[in-house]
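The two complexes that follow have chain A in common; it is paired with chain B in the first and with chain C in the second.
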Partner chain A sequence: MSLLRAWTTLLWLSFRRLLWSGSTLMVLLPFTACALFLIRRGFWKEANLFETFNDFSLFMMFVFASFVVPICAVAYATASIGGDREDRTLLFLLVRPVPRVLIFFAKFIATLPLVLGLVMGAFYLYCRLGGDIGRAAYPLYLPAIFYMSIAYVSLFHFFAVSFRHSTIIALIYALFMELLLGNMPGIVKRVAINYYGRSMMYAAGVPHGLDRPEAEWFEPISATTAALALVGITLAALLVALVVFQRREYTDLT
Partner chain B sequence: MLLTFDQVTKFYGPVIGVNNISCRIGPGITGLFGANGAGKSTLMKLASGQLRPSQGEVKVGEHRAWSTEAKRHFGYVPDLNSFYEEMTCLDFVYVMARLYGLKRSDARRRTAEVIEEVGMADRSGRKLAGCSHGMRQRIKLAQALINDPPILLLDEPLSGIDPGGRREISRLLVAQGEKGKTILISSHILGETESLTDSVLIIARGRIVASGTLSEIRAKLEDRPLTVEIRSPQSRRLAALLVDEPELRNIELRPTGLIVQTRNPLRFFTFINDLVAKNGIEIEQLQTLDGGADAVFNYLQQGSR
Partner chain C sequence: MGIDNAHYYGWDGKLHSPWWATLAIVRVALLQVFRRKSYWLVIALGIFQFLVFWVIIYALLQARLPADAQRELFKLFNFSPTVEPGKDNGYIEFMQRQSVVVMILLAFSGSLLVGADFRMKSLPFYLSRRVDRRHYIVGKLMAISVIISLLTTVPALLLFIEYGMLTSSLSYWTDNWNTVFSVLTYGATICVVLSIMLVTISAYLQRMAPIAITWSTIFVMLGLLAQYLRNATGNDNWALIDPWLDIRLVGKLCFGVFSDADGMERAISAAMILGTVCTVCLVALTHRVRAVDIVE
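Take a look at the complex of A and B:
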């Protein structure tokens, strides 16, 4: 019982510190920029629904899912443990009688409502701004956005427990590696999370008018396989992060 | 409760942090002294379960220091100045209390008690970001005391505290020691906590080079060189007579008197007593220049090289 009290305290502390951190301000910028773009673009006014659906889907795929979602995940997921590590306040947690596994899960779970809340909330808002085609796109792309968000959060937690300046490394990964690798021809793109997310989005969108990508440039896998891959990445990153955090001596704290 | 180091060695890659340390630290206040880089902080981190020994074992009571269970039995004051800066002192200590699994009401009561104990009751509403170094040291001590642990590990707890505050904290630590707690205080300034400690461990280059009470250590070092200042109006004559003393290493003539260095202090003092009585030499002052704790520490450190 006392362990549960300690854990919920840590969960609440982590959530509260993340919510009122610079990360929130940082992620609001790209979210706001996307909203302003959608208002200016005025998808709801378009007469050609097929073409509009395609444009809206590509925006969601290449700007929102490939750029804004990872940025949001970087901001919160690396700050949850990485922030404590950089501020060296992690020490105050590591010398308490709370198993490291539970410290890690408190940090991870505190991050999820923020990332998922913002991403899902913003996605809902953007779809509303898209009018009828937005309302049609919402249920189609929601699963991909959800799985991608969780996979990024897990991966960036792994970065946070493994590297001292995890935010910088995760940003470099999100901005360059994901975009670069995700758009490489051939099989290399399969190491990028956004490849699986986009595969799910194509699988959902193509039957409703989304243009199929050229095979030599992007060959999507089935939605089920992509979803399983994202779940696999999530679990593997979590497991490795957990093992690293459990065993690691943080000599940089004092 | 005992804090036990059993043949503990810690490597940082190719660098050795502490080297084959074995000791048992029991109730009372034990000082851990050493220069910067001597291995004090490594020892503290091993004791507080932040590091695992490369060889050997560190135990808090019956539990390995790295284990979660061991962490119920000690409070730790780190040698860092980082906090959740946005919190008030009261909130910070309360959160630390809750991390021990205390109920809200117990955590509130205990927080108020320790804040009072460290003399921060009138400033507990202040944000940590706006606290002075001394206040932050007190808050670090408060969070270490929050679960009333049987072992306290205090890494440089008095650094940056004003003399008045130092006396208050010292009284608090002595009271904790009298309750039968095991307290390990590290410092690189021996004089800072010398008066508090029942026994000392002196560490240099990762090894414990001396342990026991300061007087025991001094006794063990009777044959170490001692520097003595002798003020006399007949210093030249005295210097000439002292040359016959075989244990003397060095004589320096100064305008006010002599500075002599002897290999055998006990024999030297007997010799100079006889010399002065026999030759009617007037001595204005005779004092040892390096008999204090810091001198012992410096000597041991040199010896470890």
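Take a look at the complex of A and C:
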């Protein structure tokens, strides 16, 4: 019973620390920029539904899913354990009689509702701002956005437990590797989470008017395979992060 | 121990100007950046791009191809050693390609070089000496400018020198002397704008994650949105919300390569946008840099 209380206290404390942080304020910046863009763009006014759906989908794919989702995940997922490492308060957690597995899961579960809440909430709002086109796109792209979000959160938790400067590594991955590799020809782009999310979005959007990508630049895999790949990345990253966190001695904390 | 027992004594020699302290701030800042292994990962990405261009120039000039074939091959690598009508020279293009690396490196450096001074309360130690807020701000701006120059202006000039050295006479350097001028002015614009914005953002946000999020939103996301808005509305002025484009246009104002009449007008608009942003940032920064935190 006391272990459960300790765990829920840690979960609540981590959640509150992440919520009331500078990152929350700054993460609202890209979300607001996207909302302003959608208001100015006025997708609801357009007459050509097929072309508008294509434009809306490209915005969702290349701005929201490729930039805003990973940035939101970086803000919280690297800060949950990385923040404690940076402030050297992780030591005080590790000396408590709470198993490391529970500490890790408390941090992970504290992060998930923040990232998913912000990303899913913003996605819903943007689809409402898109009018009829947005309402049509919402159920189509929701699974891709959801799977991408949890995959990023897991991967960045792995970075946080493995590297001292995890924010740097996560940002290089999100801004450089994903953007660079995700737009390269060939199969090299399959190392990027973004590729699987985009594949799911193409599979859902092409029958409704989204232009098929040029085969030499982007060859999507099926939606089921992409979803399985994202779930696989999520579980694998979680498992490896758990093993690393369980076994690692954090000598940089003292 | 009383201060009298510590044998402190006054300095009788002639004091240097406190402006010399800015050089010490630059030196310490560079040491802080270059001793971090993780920062070298980003620097290595920038150096890699420079080496690629170095090898391309070397290989193509050594191949002794006809001039037309050589020009076409350079075009294949998006590099033009001379100014072509309506286009920038390859050195400017190289500096623009370095922008991603510069952006990432600065996103991390801001917290280390400026944010930490506020977070760890070390700013009063700077300001308790003869260094006042002007010297502190100029020192930090110079430090960040040096880091930017090491990744943009210096490698671009090295490529220019390499190209000239691999030709058979001095004519490449003498015919294209204005290339050096264009590289220096473009480099100076990048340094001034980025350093002012970074120091201000870092002074307020302090931690790496919020700085990096804000920095990448400004320099990546605004560029993407500008592109979408321009395509959707057909209004080229929307492109001016992209700070990289504004910097490029202001750089062009100094060496004047405009393909149409509208280009100059847009460059002036870009200069006004950047001027306003930098002024607001400087005012905010001056307000933020003070020896004592005001606690409510």
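Heads up, the rule we're going with is that the second predicted complex is superposed on the first by the 254 of 254 C-alpha atoms of A that agree within 3 Å, B and C clash if a C-alpha of one lies under 4 Å from a C-alpha of the other, contacts with A are read in each partner's own complex, and residues count from 1 in each chain.
In the analysis below, a residue touches a chain if its C-beta (ideal position, glycine included) is under 8 Å from a C-beta of that chain, and two chains touch if they have at least 3 such contacts.
Because the structure is predicted, anything quoted here is derived from the model rather than measured.
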Using the superposition on chain A, decide if chain B and chain C clash or fit. fit
Which partner does A:23 reach: the first (chain B), the second (chain C), both, or neither? second
Once the shared chain is lined up, is A:55 touching chain B (first), chain C (second), both, or neither of them? second
To make sure I follow: the centres are taken over C-alpha atoms, the vertex is chain A, the ends are chain B and chain C. What is that angle to the nearest 10 degrees? 80
Using the superposition on chain A described above, determine whether A:41 touches chain B (first), chain C (second), both, or neither. second
If you stack the two complexes on chain A, which partner ends up touching A:9: first (chain B), second (chain C), both, or neither? first
Answer with first, second, both or neither: which of chain B and chain C does A:181 touch in the superposed model? neither
Contacts of A:92 with chain B and chain C, given as first, second, both or neither: first
Could you tell me if A:206 is touching chain B, chain C, both of them or neither one (first, second, both, neither)? neither
Answer with first, second, both or neither: which of chain B and chain C does A:168 touch in the superposed model? second
Given the touch rule stated above, what does A:228 touch, chain B (first), chain C (second), both, or neither? neither
Once superposed, minimum distance in angstrom between C-alpha atoms of chain B and those of chain C? 10
Both chain B and chain C touch chain A at residues none
Contacts from chain A onto chain B in the complex sit at residues 1-6, 9-10, 13, 17, 20, 87-89, 91-100, 249-251, 253-254
Note: in the complex, chain C contacts chain A through residues 36, 38-39, 41-42, 45, 100, 103-104, 107-108, 205-210, 212-214, 216-217, 220-222, 224-225, 228-229, 232
Touching residues (chain side chain B, partner chain A) in the complex: 12, 41, 45, 48-52, 68-69, 71-72, 74, 76, 78-80, 82-84, 86, 95-96, 98-103, 143, 155
So in the complex, which bits of chain A are touching chain C? 21-23, 25-27, 29-30, 33-34, 37, 40-41, 55, 58-59, 62-63, 67-68, 71, 74-75, 78-79, 163-165, 167-169, 171-172, 175-176
